[in-house]
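A short worksheet on the structure shown next.
Order of writing sets the labels: A, B, C and D. Residues in every chain begin at 1.
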Amino acid sequence: MKNVLFVLTNNLSVDLIKQQHRMKIKINSLLILMLSLVTLTQAQTSSELKLNEAEHAITVAKTKAKELGTLVNIAVVDSGANLVAFVRMDKSYLGSIDVAIKKAKTARYFDIDTGKLGELTQPGGIIYNIEHSNGGLITFPGGIPIKDKNDAIIGAVGVSGGTIEQDRAIATAAANAIRNNQ
Amino acid sequence: MKNVLFVLTNNLSVDLIKQQHRMKIKINSLLILMLSLVTLTQAQTSSELKLNEAEHAITVAKTKAKELGTLVNIAVVDSGANLVAFVRMDKSYLGSIDVAIKKAKTARYFDIDTGKLGELTQPGGIIYNIEHSNGGLITFPGGIPIKDKNDAIIGAVGVSGGTIEQDRAIATAAANAIRNNQ
Amino acid sequence: MKNVLFVLTNNLSVDLIKQQHRMKIKINSLLILMLSLVTLTQAQTSSELKLNEAEHAITVAKTKAKELGTLVNIAVVDSGANLVAFVRMDKSYLGSIDVAIKKAKTARYFDIDTGKLGELTQPGGIIYNIEHSNGGLITFPGGIPIKDKNDAIIGAVGVSGGTIEQDRAIATAAANAIRNNQ
Amino acid sequence: MKNVLFVLTNNLSVDLIKQQHRMKIKINSLLILMLSLVTLTQAQTSSELKLNEAEHAITVAKTKAKELGTLVNIAVVDSGANLVAFVRMDKSYLGSIDVAIKKAKTARYFDIDTGKLGELTQPGGIIYNIEHSNGGLITFPGGIPIKDKNDAIIGAVGVSGGTIEQDRAIATAAANAIRNNQ
């Protein structure tokens, strides 16, 4: 959209050379104003997570899991923490279905790497046993928020089935894949 | 935003009368194109439901309830079906807390007046017993989707405590209050 | 009770004219006893938490949150631990909806600052893992009982979204606002 | 079993040279019997539903949904009624996430088209209100068992978001896609 406006402005400038000075200023002001309005609208609007982005993230996650030689479940939720896409790799843990989904939801519920949250929920931790809320949280690594190109959080990915390091690496790769593709 | 553009266009038109014909057409075309782009951006972007809008809706709902001489619980959820605001009027039913919240969620889950949904869930109905999904749905009147000025659904309101006609009227008044205020 | 007092007072009047100093002491003791009974009766009759009080508490909580530069969810429950009012500030955590409500309920379930409860639920603690009861408790700071002017507990407020210190300070401000306004 | 066959075949070879017509008949009978045993063994070993098959089914379902001009949620479960893959098409109902998953589970729990089950769960029906079991069943059309090439049930697909006829047609197309590809 910015490119379209840029081209239009250029064509216009050529014409404007032939026109009176006052008119030129008015039009340029108008263009700048309208451009700001458009930009403002864009900035205020965090993009919605699309299914094809979620599917791309899952493909990246599966590739990463294969690279690391592990088998995982992968869940993607949107900004409302509602499921968008899910896959369970053949022979991965059955118990990881729910863990992956809960990791994704947890990461979006608190806009945080679930592993970071887990540091605070240990015995004596400041939010000990927060896992009892929201129908059950998972607070060890493997849940990562998904950001758009403006750094607005638009969802989260949850991975379960490998070691926590593998799960986190896979989830991170998947989340980055969406951000970089926008 | 549309008003701003309209004024600008008018001022411009006055000036344009003095300018060459070809230039005029080009600028007008440009304005129309840019206006469409802006409108397109708006249309694609459903606005996010804000707390002050939810609070305004609740105020309207309470006033309507008093007018109708009834006592209700009022819940507002956002586009992700997550609770934004809730109030229980003094002496209204305790059981209506959950009913109001479930009505709001149901209305957003299926983007529908919950009473309309209920017509389809009766014995023999095409979606009989769908109430067993999503942790419990409520499918009689009192849940109404909230639309923004572009008719995009941005949440829902659920009302419980009066007759179903009262609940629906109150929820409708609340939903309309948000749309009209945007 | 008023009738009993009337009889006692009448009898007392007759006696008072005829009696000396020793009797006076007795009467004074009686009056003190009766005064205590009246006070006790008042304390037992806790006032009911009203919606407008809950709404006032929420307004105070929002103001306090803004002062502290944080974004929170605020829930108020009544003496029956049932939700009276709730708001989610724009852009605060989605996961805090349930945490705030559970903090308020927990504070009323056990008439305690949820942070105090958390000291007892740690591994080895006397009520270790009580969080598993009541559909999930939250036992870190942010839930505060609401008292009326006679110190009777009439509900609780739960706050989630800031640091635990912020949540507790906001909940305390909200609970105090109700007590001081009665 | 291969070893047994090997021994039998070896013994058989020796014998065959020396024996006459009657023996030959016996052997032929034996071979036919063994062949039946092998076939029976194959039928009992239902193939396991693979992720790539589930993903193929989902692709077919999405294509079918586009053909029909509707937006749906699609869930695939394996023979253990555990989720294998799920997608929510952009702008389809939020409430259909859970309905699609429950349709798939229901179809596998009872190895039946969920619409057929619904005929039996109506008031007065032989399994009235069975929806209360298994954490919630969905008993209207849109859940279809997945069979392998030997007609063994290896999972199920659940579709929600369109009309019940569309949901059933999409689920059927998805289930058939797996069977035909094996």
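The rule is short, and it goes like this: a contact is a pair of C-beta atoms (placed from the backbone, for glycine too) under 8 Å apart; a residue touches a chain by one contact, two chains touch by 3 or more.
This one's a predicted model, so the numbers in the text were calculated from it and none came from an experiment.
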Chain of greatest Cα-centre distance to chain B: D
Chain C onto chain D, rotation angle from CA fit, given as a multiple of 5 degrees: 175
Geometric centre distance via CA averages, chain D-chain C, whole Å: 58
Cα-centroid distance, chain A relative to chain B, in whole angstrom: 26
Chain B and chain D: spacing of chain centres that average the CA atoms, whole Å: 42
Geometric centre distance via CA averages, chain C-chain B, whole Å: 36
Residues within chain D bordering two or more other chains: 94
Chain-level touch network, classified as line, ring, star, complete or other: other
Interface residues, chain B side, partner chain A - complex: 1, 4-5, 8, 11-12, 15, 19-20, 23, 26-27, 30, 33-34, 37-38, 41-42, 45, 78-82
Parts of chain D lying in touch with chain A, wherever the complex brings them together: 48, 50-51, 54-55, 80, 82-90, 94, 97
Chain C contact footprint on chain A (complex, rising order): 80-81, 106, 108-111, 123-124, 126-130, 132-135, 137
Contacting residues of chain D [partner chain B, same complex]: 93-96, 98-99, 102, 118, 121-123, 129, 131-132, 136-140, 163-164
